[in-house]
Every structure is written in C-alpha cells, then in structure tokens.
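Shown below is the structure under consideration.
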Amino acid sequence: MTASTPVSQPMDTTLQADTTLLGDVPPIVQYALQAGFKAPRHEVRVHHVQPLTDGVIEFAIIDPYIARHAQAGQFINLYSHDDMRLMPRPFGVAQVQGDVVSVIFAVVGEGTEEFSHMRQGDTIDVLGPLGKPYAIDMPAHYVLVGGGLGVPPLIRTAQLLRQQHAEHTSTDTASRSVTTAVLGYRNVHFADSMMQAYADQTLSIDDSQGNVIDVLQHDIAQHITVVTSDERGSGHMAVDEQGLPYVLLSCGPHGMMKAVAHWAAEHHMQCQLSLEQRMGCGYGTCVVCTVDTARGRLKVCNDGPVFTREELGWN
Amino acid sequence: MINVYEPHEWKHGTVVAGVPWKNPVGTASGTFQLAAVRDYYDVSQMGAISTKGVSPIPWEGNPSPRCAESPAANVNAVGLQNPGVDHYLVDDLPKLKAMGATVITNVAGHSDDDYAQVVTKLASHASDMLEINVSCPNVSHGGMSVGTDPVALYKLIAHLRTLTDKPMIVKLSPNVTDIVSVAKAAVDGGADALSMINTLVGMRFDTRTGKPIIANRTGGVSGPALLPIALGFVWRVRQALPDIPIIGIGGVDSGLKALEFLYAGANAVEVGSAALFDPIAPLRIARELDDLLDTRPQLANLLAEGKTWK
Amino acid sequence: MINVYEPHEWKHGTVVAGVPWKNPVGTASGTFQLAAVRDYYDVSQMGAISTKGVSPIPWEGNPSPRCAESPAANVNAVGLQNPGVDHYLVDDLPKLKAMGATVITNVAGHSDDDYAQVVTKLASHASDMLEINVSCPNVSHGGMSVGTDPVALYKLIAHLRTLTDKPMIVKLSPNVTDIVSVAKAAVDGGADALSMINTLVGMRFDTRTGKPIIANRTGGVSGPALLPIALGFVWRVRQALPDIPIIGIGGVDSGLKALEFLYAGANAVEVGSAALFDPIAPLRIARELDDLLDTRPQLANLLAEGKTWK
Amino acid sequence: MTASTPVSQPMDTTLQADTTLLGDVPPIVQYALQAGFKAPRHEVRVHHVQPLTDGVIEFAIIDPYIARHAQAGQFINLYSHDDMRLMPRPFGVAQVQGDVVSVIFAVVGEGTEEFSHMRQGDTIDVLGPLGKPYAIDMPAHYVLVGGGLGVPPLIRTAQLLRQQHAEHTSTDTASRSVTTAVLGYRNVHFADSMMQAYADQTLSIDDSQGNVIDVLQHDIAQHITVVTSDERGSGHMAVDEQGLPYVLLSCGPHGMMKAVAHWAAEHHMQCQLSLEQRMGCGYGTCVVCTVDTARGRLKVCNDGPVFTREELGWN
C-alpha cells in the first residue's frame, strides 16, 4: 500500500507568517517554518557560560528563532548530551540580546552540572519557546515579584515591558506601563543589575534582611489607591499614583508565591503566578506536569506555567 | 538529515488487522496530545495515531509530581488523566479524522464495565481501531491487573468482542511471568491484534529526602531502556502465535530500532517516549524506516501485504 | 576522586542475616571472577563477594556470541558456565577465604536435586552465605522456572533448608507477575534473606541480517537500565515483608544509586554490570556509599545493627 | 560494625616493580601502581585521529602506562562517552611510539563512528593492555599473516620483534629472529608502510589479486626445509634457509585464519592465532567471550585472544 498526502498546515495561523528567519537558523527549523510549523528540538551553539554567584550560572545560546519569539515568562527546554539523561531541563528565558538568548540557572543536579561546564562554541539541543506567557498587553503598573531562580523570567518580562514602552512612547504617552521589580535572594543579589537595565525601579532584599512581602509592604503598599472598578463590576482595584492599575507578576518558590498571591488579594491587585513542576515533555503532550486549579488539573507546561491567582484559588 | 516537513510519498505502507497504515510507525498512547502536537508536524502522516487512554467519565489521574528520570528511561505515573469518552468523541476524534489520520482509540477502564461503556460508545464512531489498555501500572483498580490474569482477560475481551466490529488491539503488560498465555487469552477472546509492551513498574528515590520522587511512589518505566525487553516479548509471542498482528512498542527512537521490532516479528511499531524528547520524533522515525525498507525488499513485500513473518 | 587503593577504615559496616559485612556493597554473581579481579583491587575489601553460579558438575554454558549491547544496558546469555562445585571448593573458595573475603556462594541448578547436591557439598565448607539462584533466564531447565512458581520455590527452599545451617539468600527473578508471593514462598521455605533482581529477559537483533545477536537468541538484561525496575521490586517486597534482609541488585554504578536501594528498603546491594565496565567499580561504589552515609546517621545506625527500615 | 584490613597485594608479582611511571599517568593509575595493582579504566587524551583509507582510522592516545606494557597481540578497551553505549570496544594495539599508543579500526558501528570523530586533545577512557600475547621469545623466523583489520596487532608484534632484534644484535647474532609479514587487504594496502618500518620483509595482496594463502604458497613455501626435530620429539619442523624455525602468527577473519592454520599444519609450522569475540568486560570477569578449544570453552579476552593451532584444533 502506498499513500501520499501533501503536508497539511497547522491550525495555529499565527505561525504561518514567520518565514523571515530562514537564513539564520538550523535547516530543521527552516524547514519547519517554511511548512508553517513550530521549530522542533534543534541544535544551537553556546554563546557564553558565566557564573553569576556560587552555583548560579548565566547560560547563553545563539538562537534567532527563540530570540524572536520568547514572550514574557516563557521557558525553553535544554537537553543533555548524555542519553542517560533524556528528559528536558526547562528554564525561563532571562534575556534576549540580538540573537542571543540567555537563561539563568542554579546547579542542582546532573543536568545543570553538565551545562555549567559547557563553553562558548559547544553545541546544545533546545526546544522552545514554550508555555503560556504573562499577559502584559494592558497598560498597567507591573510589580514583578521574583524569588531566587524565579527572577530570570521576570527579567525577560521587564525587557519586553521596556520594549513596549519604547514603541509606545512617541504616540501614546498616556498608556505607558510602569515596572517595579521586587526581588528576593538567599544572599547575593545576582540579578539586580540585569533587572535595573529594564525596570523603572528595582527593589531587592535577601534572607538576612527580610523577604519580598516586607518590601511590598514597605515600598509599594503606601502608593496604592483602591478604586471601584465599574467597568468590570469586580469591585475594588488597586491603582498607582498615576492611576495605572497595579498588576502583580510573580515567579519563585511555592511558599513565597502563595504569600504574594495572598498579599495581592488583600490589596486588590491582579496577580499572575508562574509555577514549576517536573516535566516529561514541556510542550503539552504527556500530561505529566499538572497542577490542581479551579478549572481542574491543568498542565504547567502549556496551560501555564503562568496562572492567575483566581485559577489557582490562592486567596 | 531527513526533512520531515517535505511532502513524502510513502513507499512502504502496511495493513494491520485489515486497516491500512501509510507506514508501519504509529504514536504510542499517552504520549500524543493532538492540541500540542499538531503545531509541530502533520500528524496525518503517521501510520496511525494511538490516543491517550479514554475512560467512560473524565479521570483526573494521579497527584504530582508524576515523573522521574532514570538511565535511558523515564518513569511516569500520569494515571490516565483524560477528559472522558464524550469529550473525545466531539473533540480529538473528529479533528484527527478530518486531518486524514488513521486513529487508534486507546481504551481505559477501572472495571470490565468501564471498558464496555467506552467500547460501546466508540462502536458507531469513526475510530479506525481500538486499543484495549489492560496494562497500565498506574491505576489502582482494573488496568494492569486484568492484563496479568489470562482468565480475567479472556472474559473481558470476549465480552468487548460482542460490542464492536472494529479491529480490536489488546495492549499487553510486560509485568507478567508468562506473556504467551496472556497473549493467547487475548486472541482467544477475540483480539484482532496485540500491542506490546506497556511500561514496566519502577520507581526512583530522592537521595536527599529518602522518599520516592513520584507522588504515586511507583510509576511505569518507558524509553530506550525498555528496548531489549520489549523485543524479547514480541519475539516470544511471535514464536507462539505466528499469525496475529503485533504492534511492537518500547524504546523506539530511530528507524533502525523500529526495524529491529519488525525482525522480531512485529507488523508495526508505536513510538512513545521518543516523542516526549522531540515532538517530531515519530515522523522522523517513520521516514527513516521508509528508507531502510528500500534495501530490504523481502521484508517490505511482506509488510505491504500486512503479513507477519518469522 | 576517591583513591580506592589507600587503606580505608570502613565507617559503615552492616550485618546481613547475621553475617557481618565490612560495608553494604557486594559484588553480584557472574560478574566476578577472582583470577581476573584480584589483579585490580583488594577484593577482601568488599562487603561480600558473590561468586559465579556453582553447579554440581562443570557446565559449559551457551554458545557464542553471548552478549549484545543495549541502551544503558547489556544483554548476556552466559548460561552459567562454571567448573563445578568440586573445583570451586579447592580453588576460588579457599583463596577468597584466605584473602579475608566474606563469601556468598551462588548456587545454580537444573533441578531440585542439582541445588541439593551443591548445598550439601557446601554445608561443611567455609562459605559465609549461600545465594540460591532460582532466577537465571539463560538455562533451559530449572533456573528461572523455579523462581517464578511460588509452590515449586517453597518446596525447593524448604528442602535445601534441611541440608544446611548456612545463611541462605534466595535470588529472585523480576520476570514475574507477583514478586511478593514469590518472596513470601522463599521466606516461608526458610530463606534467611532475599536478593533481587536477577536479569530481565531481553534480546537484540542485527539489523543487517535480521537475526538475533546472541546465539541463545534471548538473554538477560542488566545494567543501569534496570535501576528503576529493581528499586520498584525491592520497595514492594519491603512493604510486604518488613523484616527479611534484602540485597538490592540492578544498575548500581555509584554510591548514590546504592543509597537509593537502601532507601527503597534494602539492607545491602550487589554490583554487577558496573564491574564489567571498570574492574574497580564495586570498591569505588562501596567507598562512595561509606562517605554518603556519614551525612545520614539515622540510616547508618540502622545499617550498623543489620536492621531494615521503611 | 567497623572493619579495617590493610590493602593486600595481588598475586601477580610481576606487577609490583612498575612504579617508575608515577609522574606521567592519571592519579588513579598512579595509585593502582603504588598499591601493586594493574591500572583500572582511566581517562587519557587523544593524540591524533587519522583516516588511513575509506572507513579505516588510525586512532592514537597518550598513555605511558599502556605504551610501556603492551605486548605482542595485546588489545585495549576503548569506551564511549555516551552511557547508552556502556560496553567495551576492544582493539589490538597497533604501534607504540614513546608514550603514544595507536590502534587502527574500521568504522562499523556506533562506537567506532563516535571515536572516528574525535580530535586531538579530546579525552577517552581506556583499559589495558589486555589479553595473552603472542609468544615471541623463541628465536625464529616469524611469519606474520594478517587480514584486513587483523593487521594492526601484527604491526605491534613486528615492532617488538624489531626491538628484541636491536637488543640482541651486538651480543648474539645467531639467535636473531627474522620477520616476514604477509598481509591481505580488501583493496587499499593501508598498513604496508607501517609494517615495513619493522618487518624484514613485507608482502601484501588484495582481493583483486588473490589471498594470503597464495602469498604463502608463492613466496614462503619454497624457502622451507622440513627437519626432524629430535629435541622435541614432535616429528617434523619447518626451518628457513638460516635454519631458524618458522613460527606463524596470524590475525584476521575467521575463514582466513582457518586456512592459514591448515597451511601451517601442512608445512609443519608452529602457528598462533588471534581470535575475536563479542566481549562483556575484556578482562576476564564475565565469561561472555568464549571459544571452543581442545581445553574446553575458554575466554578469548584473557585465555586468549592468542591460541595455538593445537588448542583450537584447527588442523
């Protein structure tokens, strides 16, 4: 039996336009884009690997495809060279500069150990960008609350907010968003300088000084005005001194995020939280990475990693 | 490197239990979610698509974490989370058929009655084949226990046989002493084909806490580590049952490994874990095998006729 | 890097079924030949040495080739080639004892009578423990078949119990539906300890010829690929039998993996394939574990008393 | 329970002397030598990787330990970097130059494919030297009959014979051995030049011209005199024109070696043959690599790979 069917197009029509990268990416990515599909797992080169502090590494790859597509809070899978370690290692995209995409990770196990020893020019397999991003379209005062290795995806978020800012500035000053970063560390404030490049204000604290709730309480709470949001009929809404609604975006340890969600609820702020879960695939095919939500057991990798406070029922 | 996106004229199709497959490579159940995979390649190009296990009502599966890594393997305990047969009949199934895919509906149950309900509902729908999963190690009732007891299995399959005319594949568990007696029970009960293997029971521990990594504690081991074990099962069943179509599953991550299953006596293969590590792996494997068969005309001829061989 | 050659004061010894081990790491049967290994390290430093299976008369084993590679695994079909118990009693056993090793004699048979002959001959010799191998997949009679049938196993072990006072370990097969009932049969028959797992049945094919690589066709799968499966077996037996000493086997190639077995409920481990790929692996693993236990005093205390834990 | 036993010494006392290498080898080898043991698996650097002809690679490592110990016909295990491929890849030592040890292999599968892509400075794990060597102590006219990838270990054998020659030359000309190499190839004569550096005479042939038996018949047979060997009482013995007894050493495809053994028997030559077998360990611990001999099933890896014609019963 011989069958022949022309390659059909995927449903997601937003993918179809992007054939501009054809020259710069590996052939397999070119072919995928030409056919109107997302890039599959592909091999790229390491741009640099640099320790930021003890056991925390900035790891950068050259990947024009991911560079162009990585939205706020999205992540990428890195894969080991050793087939003993087949599973994906997901990391939030921390920054994009030209074609260079960086992540920041802690060395915690075999995979991150291996990656930490890589050097410029080495090859590595990657898949992404993956996951549902933070919603940052609405003009707002975004409060980015990150803890430890939850900070990196918020840097990328601040970077994108700054880009929106730049694009809007000439035409529509009224709808400019503002970004305040609130970062908590165990000790060394390893990501402050990166965040400062994009956020309007960067506040940070480490375990010897207190935690992010202390910062929110001390430096944000006093600027909040609670207004009645008629439009949505949802009751109260926190706005800043310019009248911009506050939106809290968070990523960090589970306990911290629960406290942050609680604080946001108390202060009538919208709140989006980015979760972690052990993953089998990272792109939505294995149903391994679930979290219990108000809408049932959802997949962290592509129903999330970003969920609203309401979805998680964290009140 | 093969360009899996370029239109391809399949050279070596096959027929499994009367159903034509474009090529002998399908996706394995539980590692294919249409909504996720369709963005990566044209899924209708696969030999067949075996869906996630479908149960009579929505199942929420096991708590997280649901997986752990292991050498050349992963261990998972999803526990058959799925939105239920009614949802499946209005969502994945019609979409897959509209795309031109050959569809194997994987049927899950906690009891004989569960299986019967799903099979009954599917009987009048467009699914090309059914795959009765009596081998899931991650559910507490039904699942694997039916698949390890020849008497119970015979009874179940004989009953399901009365409920459907669709080609019925029975998916066997490797967690058994004597695979041949289980396989015979399935065939005697009326199975049109066998697929093997499902995952082996296994687990990993966190060496910091001393506790199992997976919330369910044990899970199912899949991936390249299974390969020799799965080949052994297929070969032994093929020796005992020369005529029943067999779909080989376990650790297939290349066309060469798919070929090994054909030599072991399988009529086709399904690709599971490999798809977890690269979305397009199943199609790449199908294309690799299509080329490898060019140089093995005898095998290709048998395949084309849907015959088995030894 | 650990220097395994430097004299070492073992910090965390244990007692298995009353027999003191310098550390909880032994060599696994069939992967240790004294004549070969003694040139690489001081074998008396191991927790115990489990010898190649010993049969009543010399066995010549299976034809070659006897092995194939597989992802994170090897597949072998040696078929218990060994020079027989009489040779063992005048050669390896006295040499090992003279070196100060704790010796586990692995006992092989094609029939109940074979096992009984070997056990009888060993009863009056210096072997510290016996390990009854009822789980070899590579011999046509006896071997695995006894180890997969609880009734036959009970009968065999109960008989052997009358022939020896030596601590008797029964080595279990993973090729079973219900390991717990097999384990219970062994314990009821009089086993002092269990070791698990032996190899899983498997095979590989040559994709040029389409034929099995191993002359015996099927073989036993060992190596890192077994790890999660072996951990699962140990854990399940430990849940069912809280008190029987268990020796965990399967894919141990580092101190951390040995530690996982202890967390799963094993009292000790044996290292098999890892020794095939580096002669000194067993001693390195023992040293790694000795250091890891320093930071786990609770576990180390239980070990020191030869207790089990959950 | 705490037990302490001093590290005991191995039985093989020939090992004990060799502590002269301590500075040049990896620490684990140093420690082993100091304690009087053989070197375990250890990591070394690749010196060069060079194609000799299509799919045939010369692969050289820097390893003073193996360089010093590799005897005629011994082999080493190389190990893949990919833990999916755990098993040893055994290769006959082809040449030693200073601390550089080379093997020559055909790319036939995954492991040799991987090795063929390695480059100078890369690391690789190795174990050896392994196996029972050819017996070349007796002054004789050695005829080295190699076929294809069986040639490499005979190069090392010729190299050692040449060294013996050099050592004997000043004192004892009568007992100098002579070496004639007879090499068969599929097509390209890739090893002739290496062999010529050591053998007194190198004859070679490829499949388009004939086979090694043709060479033996045509170029060796006529020089044979059969004498009665009273000393041994074993009847007839082939000697060359100088009266040196002929000893045939062979390595190559099974069929070729059987024919060679038969030819040697017919011509009353001693004959040693080096076998191949799939191996589990390569050092004698797994009993996977057996061959049936007159003395029963023996291990190719350390009862061999070299066996006499009589042991193999190849008459």
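Order of writing sets the labels: A, B, C and D. Residues in every chain begin at 1.
What we mean here is this: a residue touches a chain if its C-beta (ideal position, glycine included) is under 8 Å from a C-beta of that chain, and two chains touch if they have at least 3 such contacts.
It should be emphasised that the depicted structure is a prediction, and the values quoted were computed from it without experimental measurement.
Simply put, of A-C and A-B, more C-beta pairs touch at A-B. Separation between the centroids of chain A and chain D, computed from CA atoms only, is 59 Å.
In terms of their C-alpha centroids, the spacing between chain A and chain C amounts to 49 Å. Centre-to-centre separation between chain C and chain D, using Cα means, comes to 35 Å.
For chain B, residues that reach two or more other chains under the stated contact definition are 68, 71-73, 224. Shared interface positions of chain D, defined as residues touching 2 or more other chains, are 83-84. Because contacts link each chain to all the remaining chains, their graph is best described as complete.
Chain A meets chain C in the complex at residues 83-84.
Across the complex, chain A is touched by residues 1, 3-11, 13-15, 20-22, 30-33, 35-42, 44-45, 52, 60-61, 64-69, 71-74, 76, 78, 81, 99-100, 213, 223-224, 273, 275-280, 304 of chain B. Residues 68, 70-73, 75, 148, 175-178, 200-205, 207, 210-212, 217-218, 221, 224-229, 231-232, 235-236, 251, 256, 259-260, 263-264, 292, 296, 299 of chain B are the ones touching chain C in the complex. Those residues of chain A whose C-beta lies close enough to touch chain B in the complex are 1-8, 10-12, 15, 27-28, 31-32, 34-35, 37-38, 40-41, 79, 83-88, 127, 277-281, 283-291, 296-297, 302.
Those residues of chain C that touch chain A in the complex are listed here as 71-72, 224.
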